[in-house]
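Labels A, B and C are assigned to the chains in the order they are written; within every chain, residues are numbered from 1.
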């Protein structure tokens, strides 16, 4: 070691990246991307990625120590600490409280249409479901599962898309993880959208 | 393993006490006493004490695994996870970067809704604003502009209200001095609540 | 699909009528379970365990129309009219199915085929989203049970956040509140213009009868000349079919797809017969 490593900066660098990340992970209340975490701990993204991976392994008991009661999950485009699944019931009993109201079948179907067809307007969703979807869209907006993306400059129609909160609520990391749906969809909808738009 | 350990109950018992404790510790806001933790995990207090001690050691790097960026500390007669002191500056920088000096328009509007409708629950605010307000409410709580008033005994929903800090910021002495907006309040919100409830 | 000639028809039909009658009482109550016309169609199709692309049209159409009648006038007009659009398409398809194959390949039948394909495409699409919504429900439900760390910031760390810059006066705050409470009406576009006016087969039949009786022979082309609404054309064609059933007219078509020439041939025709014409389509 040289004298240089004794300056404050150098000491900061000496602290293990994994520990720094754990400190940040302990205080965040939503998923943070590798880039955001890298900025927080002042380390390059590849190093952060590696450190995160080793934390995942350690918490899962694949490191030197025992398995932990929590785990590190990548959800909704970022990393966040979660209670390990085995203990969800235990924690639920402890926390109490009621589960949030389930979404209606209409809301689920509308959500699915928006997830796969985004950006999509309400009237486009309505044409696929063949019912008025206004109140359902409101509910989904209120739950933060969808958001207004932009307004069509010509028609003034608002285009909707899904949020990161939806990904979190689904427990997936990106829209790519949605299950594939029938390829028939594309054919059917194209002609249809044109007709219904009249 | 005997046949007995294969039943659901037996398997649940098999889960390590330390992991159970970690699951609880991950989600609590306030320090919890050994008695309270023991009740949460359904184990005798001495066993919980021992498990907590071994967690303290593990997090501090005196176990098999590496040291963690957080620690388990006893404060005011209860146990809770804290960021390890070495990382206080890191966290402070991160938090400072995350929290802008000004409230966003969304936060201000949510604050206005809470100010005029208090006591009010998060979901009520969300339906008035037609967007998810969870993170905004956390910001306002963090800024000390609103506070948790009480928990609804039936639904468990937390009711929020504004604080004296808001009154000071607005330069008024009491909520009565807020500019009246009642006519619109009644009309607008009533019909809307009904719609969103569907 | 099971052959539907006369000898095999009665038994299943009777059984079916029974089941429909049984359902009928329950249906009025559970109508809201069918979230839209596609939902109802899918339900009918699955009830008969038929492939969506090989639907026994008349069966499903009849039941769909029957359910449609139960909708009543107090239902949401927008939703009812969506049901009507689907019902109209189904009726078109049923009519096309009644015709000998290959007899009609003019603009109308092409339009009919398009409408049928469109309906199938929409149904398939709707079914795909309905199926995938099960995955959404399961995932949401599973994830609901998970617990993420979301703990309030320590006082110690909170104190390090930059001081809040506050610039609003109480009056500003009131204005802001007005803005926040203004109902966020999502602008809606009325659907009224999408719905074609209802066309009465009886009314159209009266026109057809008048035309037929006024001349020695009339071509179908002449009968629908000037009819702008597709529904009117369909209704006039249906009335021709019905009049043929009543032996009130004869027709001549020299070559497939050729001109359809109609002659009035009724021996005992009274205008009262118009009143019952097309009654099948009421059921």
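The working rule: a contact is a pair of C-beta atoms (placed from the backbone, for glycine too) under 8 Å apart; a residue touches a chain by one contact, two chains touch by 3 or more.
Keep in mind that what you see is a predicted model, and the values were worked out from it rather than measured.
Engineer: What chain is the most remote from chain C, judged by the mean position of CA atoms in each chain?
Structural biologist: B
Engineer: Per-chain C-alpha centres versus the global one: which chain is nearest?
Structural biologist: Central chain is A.
Engineer: Does B-C or A-C have more contacting C-beta pairs?
Structural biologist: A-C
Engineer: Please tell me the distance, in whole Å, between the geometric centres of chain A and chain B computed from their C-alpha atoms.
Structural biologist: Each chain reduced to its C-alpha mean, chain A and chain B end up 20 Å apart.
Engineer: What whole-Å value do you get for the distance between chain B and chain C if each is reduced to the mean of its CA atoms?
Structural biologist: So the centre of chain B lies 50 Å away from the centre of chain C.
Engineer: Indicate the whole-number Å distance between the mean C-alpha point of chain A and the mean C-alpha point of chain C.
Structural biologist: Centre-to-centre distance between chain A and chain C: 38 Å.
Engineer: Would you give the residues of chain A that are in contact with at least 2 other chains, written as numbers and ranges?
Structural biologist: 25-27, 29-30, 70, 81-83, 91, 95, 138
Engineer: Where in chain C do residues touch at least two different other chains?
Structural biologist: Within chain C, the residues that touch at least two other chains are 147, 149-151, 153-154, 157.
Engineer: What residues on chain B touch chain C, complex-wise?
Structural biologist: 23, 26-29, 82-83, 88, 91-92, 95-96, 99-103, 108-110, 112-113, 115-116, 128-130, 138, 141-143, 169-172, 177-181, 184-185, 188-189, 191-192
Engineer: Applying the document's contact rule, which stretches of chain A touch chain B when the two form their complex?
Structural biologist: Checking each residue of chain A against chain B gives 15-16, 18-27, 29-30, 39-41, 58, 63-70, 81-84, 86-87, 90-91, 94-98, 135, 138-139, 141-145, 147, 163, 165.
Engineer: In the complex, go through chain C and note every residue touching chain B.
Structural biologist: It comes out as residues 147, 149-154, 156-158, 160-171, 173-184.
Engineer: Residues of chain C touching chain A in their complex?
Structural biologist: 35-38, 76, 78-79, 82, 86, 118, 120-122, 124-126, 128-133, 135-137, 139-151, 153-154, 157, 186-189, 191, 194
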